[in-house]
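In order of appearance the chains are A, B, C and D, and numbering begins at 1 in each one.
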Amino acid sequence: MATTEGVLVASTSRGCKAINAGGGAITVLTGDGMTRGPCVGFETLTRAGAAKVWLDSEEGQRTMKNAFNSTSRFARLQTMKTAIAGTYVYIRFKTTTGDAMGMNMISKGVEHALHVMSTEAGFDDMAIISVSGNYCTDKKPAAINWIDGRGKSVVAEAIIPKDVVQSVLKSNVDALVELNTSKNLIGSAMAGSIGGFNAHAANIVTAIFLATGQDPAQNVESCNCITVMKNLHGNLQISVSMPSIEVGTIGGGTLLEPQSAMLDLLGVKGAHPTNPGDNARQLARIVAAAVLAGELSLCSALAAGHLVKAHMSHNRSAVPTRSSTPAPGAGGPGGCRRR
Amino acid sequence: MATTEGVLVASTSRGCKAINAGGGAITVLTGDGMTRGPCVGFETLTRAGAAKVWLDSEEGQRTMKNAFNSTSRFARLQTMKTAIAGTYVYIRFKTTTGDAMGMNMISKGVEHALHVMSTEAGFDDMAIISVSGNYCTDKKPAAINWIDGRGKSVVAEAIIPKDVVQSVLKSNVDALVELNTSKNLIGSAMAGSIGGFNAHAANIVTAIFLATGQDPAQNVESCNCITVMKNLHGNLQISVSMPSIEVGTIGGGTLLEPQSAMLDLLGVKGAHPTNPGDNARQLARIVAAAVLAGELSLCSALAAGHLVKAHMSHNRSAVPTRSSTPAPGAGGPGGCRRR
Amino acid sequence: MATTEGVLVASTSRGCKAINAGGGAITVLTGDGMTRGPCVGFETLTRAGAAKVWLDSEEGQRTMKNAFNSTSRFARLQTMKTAIAGTYVYIRFKTTTGDAMGMNMISKGVEHALHVMSTEAGFDDMAIISVSGNYCTDKKPAAINWIDGRGKSVVAEAIIPKDVVQSVLKSNVDALVELNTSKNLIGSAMAGSIGGFNAHAANIVTAIFLATGQDPAQNVESCNCITVMKNLHGNLQISVSMPSIEVGTIGGGTLLEPQSAMLDLLGVKGAHPTNPGDNARQLARIVAAAVLAGELSLCSALAAGHLVKAHMSHNRSAVPTRSSTPAPGAGGPGGCRRR
Amino acid sequence: MATTEGVLVASTSRGCKAINAGGGAITVLTGDGMTRGPCVGFETLTRAGAAKVWLDSEEGQRTMKNAFNSTSRFARLQTMKTAIAGTYVYIRFKTTTGDAMGMNMISKGVEHALHVMSTEAGFDDMAIISVSGNYCTDKKPAAINWIDGRGKSVVAEAIIPKDVVQSVLKSNVDALVELNTSKNLIGSAMAGSIGGFNAHAANIVTAIFLATGQDPAQNVESCNCITVMKNLHGNLQISVSMPSIEVGTIGGGTLLEPQSAMLDLLGVKGAHPTNPGDNARQLARIVAAAVLAGELSLCSALAAGHLVKAHMSHNRSAVPTRSSTPAPGAGGPGGCRRR
């Protein structure tokens, strides 16, 4: 984790300790696909409608898939979601991208597929208004990412025995459940949030993104998260659902030396040798597990009322330092054992 | 700007060039106040209602302001916004914070004010559920930040003569206006966005946040932005409205050496000597002006259809480098002249 | 209640029975003000910024209040909220409107105030783009109504003893709390809702609106509602927060005979004789209390798994009938005793 | 149209006149499927994940389709969309429903499919928390309806010659385009709207719903609409996109005598004799075309600044009357010719 907030590392580490004491975290990958949503235009609705009908048809799907897939060894078009406003058609391409985060790969595929649509499928009156029509949606808050996912979709869960909640987290199960309901569910609802039903997922996501060479501007949607807590037979059951974690283990900032070393440490450096995409998916699971630890720890701190004090003591002890390698023993995201 | 996306620096620089050719950018500061939204609980609605009535009353306002303001030389409570769900009361404190981003300052003030409310104003049955009830809202997407602002609220504008649009931006006024309408307004509306009506504000915000020692996890809301373009007598009028830029020039990451040097270069290092807060406000104006340049340049590139090509050539020329000081001549955000 | 869904009346009636058995409902009025949000335009941001600064200033507030208030005996301007996008300024006027719902009243006041601003305050370069700039927001989903309120803001609560939950509602406290959390809080969050954290507030709101001569198109925002349930010492504590109930007891459809009779039955017909607005506010409290009953009953039915069966038996017994007067003994909204 | 707002009928009628002068309206149906989103629960994420994997698999899809389709002659399961939060799985069933609006039909199918899943597919540890988990989403604002559609999805367009804009609508093309951008796009964006990018779709939808026996509480999502205007070779091109119009021509309120007569007048009464669903789809197209007329007329009135005056003169001439049959010559929604 790369951060200047000293308390973050200590906090996540404490969360990991509690999770490990409870048997580790479970992660489930529920989706994997990067998206790009160009905007194309026609002169009339009749033509825009014809384009949408064709794109939604079997022939359209096949033609576009062939065109798209021809541009890369890794990108495989999964779905196209289309919508019309005025005479504009918005097309959300969703594709696997191997171990790359995939934005460049998908942009290239989209451009070629649109070219084929224009020249070979009878839509030469189509204007490509923008290869990104904000229907992607990249680096901006948007319900479409929350609802349909973008990048990797992961759910992580841990069950923390009640005595660990008390000894490690200095809280109790019912207080945590009430805090989660009143703050993360109701509080965010009152604030008009779409996808922000958590305590501080963005802190953990950003720190890992910086440490592992991800695009830190993509934390805007990557930090989408709903945290759920429940009293399960007296113990604490906690989970985070994160539908749009955008990560890769090749290309971009992952090539820089410290970031590359961190990926290596986590066991997900570069392209996966046998199953392309496994490294990137594993990294997304690590992100979710680390967020789980962060939520657990911060919520416990809030429930115990010592947030401000923690910030003061951790930051004042010294000038904050940016560490792009994890402090020994601190654990970092990889410190969370996953079952 | 600190980024591994090489094209970002070149792009923003091109935007600055166009803006400067048109007479520079105007910025208007329309708000300044950090927020914290605790959740307090009562046993019944009757008591929660009594608390809300008191907080909204003149006596409540005065008592809370006195309590809050006593905790800092800089924090001055501006408003409290209250809401009830169930038996929970959510209170959004909004305060000036001098040249600090202000989260620690405001948390301290909130804790003290709630303590006074509990012990001196007859609400000793109040439970402080969480000093942050997500009604702030910190590091999460939320309409409340978009609508009521958080940190600094800034609008920036530039008018680009039509010949500059052609010569520097390789586009034309009407194409840009249509692109902005179809992508940034309609496209984001179709994607269900709250506050994400722009092309890539997050890229610029994140790069400046890293370069100047801001909290990069706060880009989630700091990148809220609506970009508007208009044909004004044949020229391009472009503006960005950014209601929730969260920045400071003292404390946290601003103390690190390279970040401190960057703030110095921008003329906003540390506390403003005579008017506390002026440095932080100036930094927010710089952020907005840089976003203006970034929007201008990327939208021009999209309108001209050369986004993918630009990414390829800039990134392939060499391994991308992270520069925390601006490349000579590249301009960086400070390179945009503001009128 | 006017409805063709036979089950609705029976259901709300059952909810009322449970509420009355528990001591009745409490309602708290937390806000009262109709809004109108015109859009005005300028040629440059500089001028738009000057307008915003003036509107936010003491002089601007005083001038606009005087102008606005001069147009009606009842409308009293409370606040103006302003925002800039591009060269447009959006101004959300909020005003009391006596016992009228108030849209015509406020539109008249807004037009005059803008006229004064244009002719007497130095803004003769201002174009009134639209007396409604959708910043109101009338009859459309919008976070601003959820967060800032529109019309009447009411919270209603009831505490249902556990034995009543079992005997009348055929459910149990913990099942209801879990249903509310998983459906009304988490389910709506997953669906990307702003303000729709309830089971079926719209059913009750619409039925009462039709029965009492309200504008049924305003149920779009009037049905904004978050339902909260809690186990309080073994009993069920339930509440609804409804920030934007738009009702009146004079003008419009309230003049029609059956609707007028219904208002009379509820004791809120016409203008309140001594305290203008009290009748409309009372009607809003009745709406919230009826929604409380509806939430209680439907959630109990869902928890017991007999929703579909209930619909079938109630609707099949006969051709559904539209009754604009309440069935004798059915209770209707007025049948809920409020403490 | 059933309304007490006298101006509404006159206004929509004027819009129809302009549309007809321009050659009529085009409508495109882009989707058709009612939804129900139950919430089911498991003890652990592992089990919830297994359920999601099975539901998303070919076997799961086939099993659920067979079970669902066996419950009705008309309901045909199109898709299931699944999401996990905590240990809850939300499943959005989408289905054709013939000429019925379809909520009862789909609820029945969902219950049976979940029963089969529980008893025959190895998920007997599944708890059916609620047959509606708000993931539908019925009668509440929610991005999922805006993005994925619910009921019928329709886009309608008309091109109004510039002289008709002047003679009939008393406005001009550029003024209308600016009004639409500043009010319906930017204004709604500033207000934090999801799906409310129009002037007053709810007025038209509600009036037609009441006149034709639809469920008026479903106008909450049925009025979702984005209005787009463009200068096309000097003429006005206007369209409305409405993704979630929930209507039927059999069952419920359509059986009432006046409503049935209105459906007859529109040529869409009862079940379509040869192609089930065609009547309901046709009604949805009529709704969209009427909204198009309403948008055109109100926006023209706003652009010309005579909204308040129009309300005054139309309502004051007489006590408003509720007409459930259209005034002769007024046109009503059916008065708009569609190409």
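Going forward, a contact is a pair of C-beta atoms (placed from the backbone, for glycine too) under 8 Å apart; a residue touches a chain by one contact, two chains touch by 3 or more.
Everything numeric in this text was worked out from a predicted model, so none of it was measured.
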Reaching chain C from chain B through chains that touch each other, fewest steps: 1
Look at the interfaces A-C and A-B and say which one is made up of more C-beta pairs in contact. A-B
Centroid of chain A to centroid of chain B, CA atoms only: how many Å? 22
Where the centres are mean C-alpha positions, what is the separation of chain A from chain C, in Å? 36
Chain C, residues touching no fewer than two other chains: 83, 85-86, 88, 143-144, 146-147, 186, 188-192, 194-195, 226, 228
Touching chain C in the complex: which residues of chain D? 4-5, 37, 39, 41, 83, 85-86, 88, 90, 104, 107-108, 111, 128-145, 147, 178-179, 182-184, 186-203, 205-207, 210, 213, 215-220, 223-224, 252-253, 255-256, 302-303, 305, 307-308, 311-312, 315, 319-320, 322
Residues of chain D touching chain B in their complex? 143, 146-147, 181, 185-186, 188-192, 194-195, 197, 226, 228
Can you check the complex and tell me which residues of chain D touch chain A? 26, 28, 30, 43-46, 48-49, 52, 83-88, 143-144, 146-148, 155-157, 159, 192, 194, 226, 228-230, 232, 237, 239, 241, 243
